[in-house]
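Please read through the structure below; I'll follow up with questions.
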């Protein structure tokens, strides 16, 4: 397939500008905070996504290229052990230089050089460059969603509970009437990506899975439904919880989803739009796997596996009469995150992109209101540790079809 | 099926005496130590297994039974939230009363009353009692293996590295010649327990799984093979390791399996028989999932899934020309520990027996030199967190059949 | 001064037997627990005090002596860096070998050899040996008190709250009528030891201190008085507390002295005699420096300095018309533990005995019900970190004389 | 004494501008970092010092004053429990709103209102207001020094080791020739503040102390002298160290003062002027009490008490023929930080200013290159925990005069 250099460049510019647009409503100060280990300062995201292009494109394909600043690799490498030392994740906010202003200049400089690299690379090397560039863009899109997650967490720490924007992304209400669960017909089905389009290594190869007959709920669980669980003492009943989850409930005094706050005026939720009364019809968001599982236990139902989830979408489609609400909140599955049979990691240093995280995490499917549109695809495998809640994660129920 | 009360009683006495036989070679002091959070003092095992029969049999089926000591429930309950408060696991060794002598008396008292309960229970209630008693015996057998694990850990802490017994259980050498891996034919196969015999709830129901063609190695990995990995710098090469595993290598300074020690005289291994030069032909033992996976990466191979493992045994059998070495060390699989489709936990308080641990753990299969013979069955699902190494865990390799 | 070998030996035997008498009421199990880092298992005390004589007497003065067991130095050295490696303090209970039985044999062996060393040492070396032996005896007496502290802590951990002995040491009621505080006349006075008798290096030299006129209370603070502080919300009023102390109140949820327990039946106190209703007329015991200071603040008074304390006793004597209650509970002073001017540590490895701890601790004076009689002397300087409460520590008030 | 309102206002403006001048060379980003718990973001200092005037002046003396922002008390209160809740110290950098821009506006607003309060307050209330305002200014001056400490720490975290300013404060070389130590004549002397000028409550009252004859070194210890200690293995010799100090050496891998760095090119020191080769003739700086004490041990000398220190300065004066180098680095004394006899804390909420910290800290005397000139006075008592090193702390030696 022939590669159109200018088209690729247009994509590059579109993605890069989108990242900056996400940061535009922030105050300077908001870019620099790391209130908890797993949240990165937006300044770091801006630098790290840029470093990715420098390290994997400019260093490799622009003859004579000299590192923009020798310290930046150490500051902006995230976890590529093969690429060298790096600042420890919890210490990202302790680095004040480069400043945000300097990071923006770094972005501009790399953005000025990528077109040169792209336009001058030989035809022979172009496919490889294009592949890496495309990965870099999808990587940056992942960080766009991380930015939204981290910004929410950061703003929530200020006592004034400042809004990010009046139209900041929040999970939309799923407007359909309640309908009976969808029956997914069991059998040996295919899941995973088999297309020519971009996909992460962890989505491949397409392969057969054995699925049993199962009913999948049309709509994700709403705040109204989850509130009933809270009001019924769900956070006080150990028998609903996985043992490790119960330990989190006790040690971290969980009483509700991450961003719910009870004021004198009832339950509120903090979102990118500020602190507002809980929207009862919206899907519940920012729950951990433990909460999702406990809620399902309380309902006498369960979470779907990722094979069931993907099969349900393949059989019924999304939207109106199918699996609804996709793209509003990620949906926890009951599948641990492991490689697909025949998994082949990306080549070289990029082998570290996904494979080494394939333990101790659970798969989420679907996409959320903060996901770039391209990422809301039915084979996409998101993953988090079961205690994590700052991602836009919700619940879809399944039940055995007997 | 009619239940033979005396036969059941004979089993009861056999299992109970076996537990005491395991402790017989210990010094009094060895019963009381808890050198690390996850190791329990043998005194505690002796009391806890007894408490299980008191709580679930005597309390329920012996009319007029009064608790042996009201404090014992608090001391000897392990994790049954439904049964009430309990001493925190890391604090088990801080309780000096009851003494070991008193715990032995407690055992004797319960052992005197179980026959009364068993012989006097009505025919109507007998099946239920028999079911619980049988579970209690398998529970106690699980603790027999835990005792061997904990005793090894405890004795290893003393600078004289005392032996438990000259014939203490250690993984036996697999005598077969190296042979080509066994080909497992893919397809939709059955795994899980479908028998009338006892099985834990997590082994059921038998169900279909889709397995691909795969080659399973006949013999488990030996110390000789693992030593080559150590000598080749396996513990220094980040690219072989899962990210969470690499963090353990660095933070806990892992350099070899848990009980290997390098002396001026070369590598030794501490086992229940004391500290001896490393037996190169014995299977490697006391490795974590992370080490098993890194070793497999280094070999260019992988670990089998639990479905592949069980299918391999069903197709080829064990021993001479089949899957060899089973019952020497547990074998890590690449499957996360989750419920089988259609899983039904035990009833009542015993629902907590297995289900609530089904997250954050990996499945091991096979059985080990310290397992009671009944537990070395092909459907048995053992499980540990991937960093754990004090169980008798080894490695069997698999590779894609292409 | 001529040294009487047999008299010294008699003292040796008396002290050694006293240690064993303290352990006599214990169960075997009680000897082996270390419920918290700063508590040592009684077995360890028995071994460590013996090791002291082996290391500093037998090794040095018994020709041809060979270490009883080469592992014991590692196990029973407490903190003498100069003498070699040692087991980390929090891990003392993880060592099961030597067993308690073996430790008792070790004691017997050293007790058999000390007389040989003492009787055969040359006259030239005798003074040095005698000096070390005497230090060893005072050292062992310090451990006798530590044993009482640790035994209390250990027994308290068992849910049955077992008594050590019906006549176990507890702080006695100070029978005198309340009387006006004693006026201590200020001026340049002497404190510290100037005698020929044994004293620790930290008690010397006698030296001048400047004391201001001060009033010292005759009697220590009683449980009745301290209960008034508790009932008045003393543990809820931050303004009474030192900042570091308030952090302990919040983090460790302090509500009363260490061994007070509120039952349905009112306040009780656990002592070596078991759990009994709070003895209102007894001196308050097991309070930290922070609690002592907060109580004094609440009274509008203060704690005495160690110079004031010693001067009060020198001027007024102890007992009936003087400073009463000495020898019941240690009394916190407001003096940090630092060397006296002209302080000279013991020679050689024993230099580590006291000097290196002279920071971050506060001085206590007087002696307690668990102190060997010889240690209740007016120059004795006890010391603990200000948060510690498991020693038998109480409160004596002072106030400025204006 | 009559109070000149305009003169006071001039002082106010001078101090406030000085704080801003300290921050002027910083990048915006440098204001926001908290790389370790005990370092506060400069933004926080700017807000907190302002809050002090708002809370203690505007709220009290400006009729009708309404809080600038109700969240600010929570954000900018440091430790005044009596004034209400506050953000936990280690979380100061997690608050992004108010922004630095808003904090500067807050400063401007308070600076606009203080003159109104000062000029309109009644003559009757003026003395009280003036007293608080003066305290607020000295408080802000303390934060000016803290700013220099924190800025150094913050800049050091960036891999480029950026300089603060080419003429940033660093300890100056003490130009005098080495001379014999000064003999301080013992006796009963006075220390503490007895002037009409401002002093903190902890400097008062002036009182008698008993001092022994002592020799005090004219000059502070230099980097050259300290380097000899480093080169002689001072950080490897346990016998030189206090026990708690040795634990820090091992756990934190101390090998030299906080800001020394060994490069291929020898020892360098990071200061506010950047990373430069170690200035051998400058006084050693950024050492802990433990290091100061170990160095003194190694020299066969000791640290002075605070009474000796102040007496030496009273007897010999500072500069040329007296105690030299004062005002370059703080000097550790061997005195724990406790109240002077007759200590009276400031009134009201300000009682928390000093008194509640009088435990677990050591006194430092003299002043440093980052201290406002007014604070370099001979009665000033600085204090830090003995492990702290980010203050500008050095060493002056003393020795017994025998």
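As written, the chain order gives the labels A, B, C and D, with residue 1 at the start of each chain.
The rule is short, and it goes like this: contacts are C-beta pairs under 8 Å (C-beta built on N, C-alpha and C of every residue); 3 or more make two chains touch, one makes a residue touch a chain.
For clarity, every value in this text was computed on a predicted model and none was experimentally measured.
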Contact-richer chain pair [C-D vs A-D]: A-D
Mean-CA-position distance for chain D and chain B (Å): 59
Euclidean distance of C-alpha centroids - chain A vs chain D, Å: 46
Chain C and chain D: spacing of chain centres that average the CA atoms, whole Å: 37
Of all residues in chain D, the ones touching two or more other chains: none
Contact graph of the chains (line, ring, star, complete, other): ring
Residue numbers on chain B that touch chain C, as the complex places them: 27-30, 32-35, 43, 69, 71, 74-75, 91, 93-97, 99-101, 154-155, 157-160, 162
Parts of chain A lying in touch with chain B, wherever the complex brings them together: 79, 81-82, 188, 208-210, 212, 238-239, 241-246, 289-290, 293, 334-336, 338, 341-342, 351-352, 356-360, 362, 386, 400
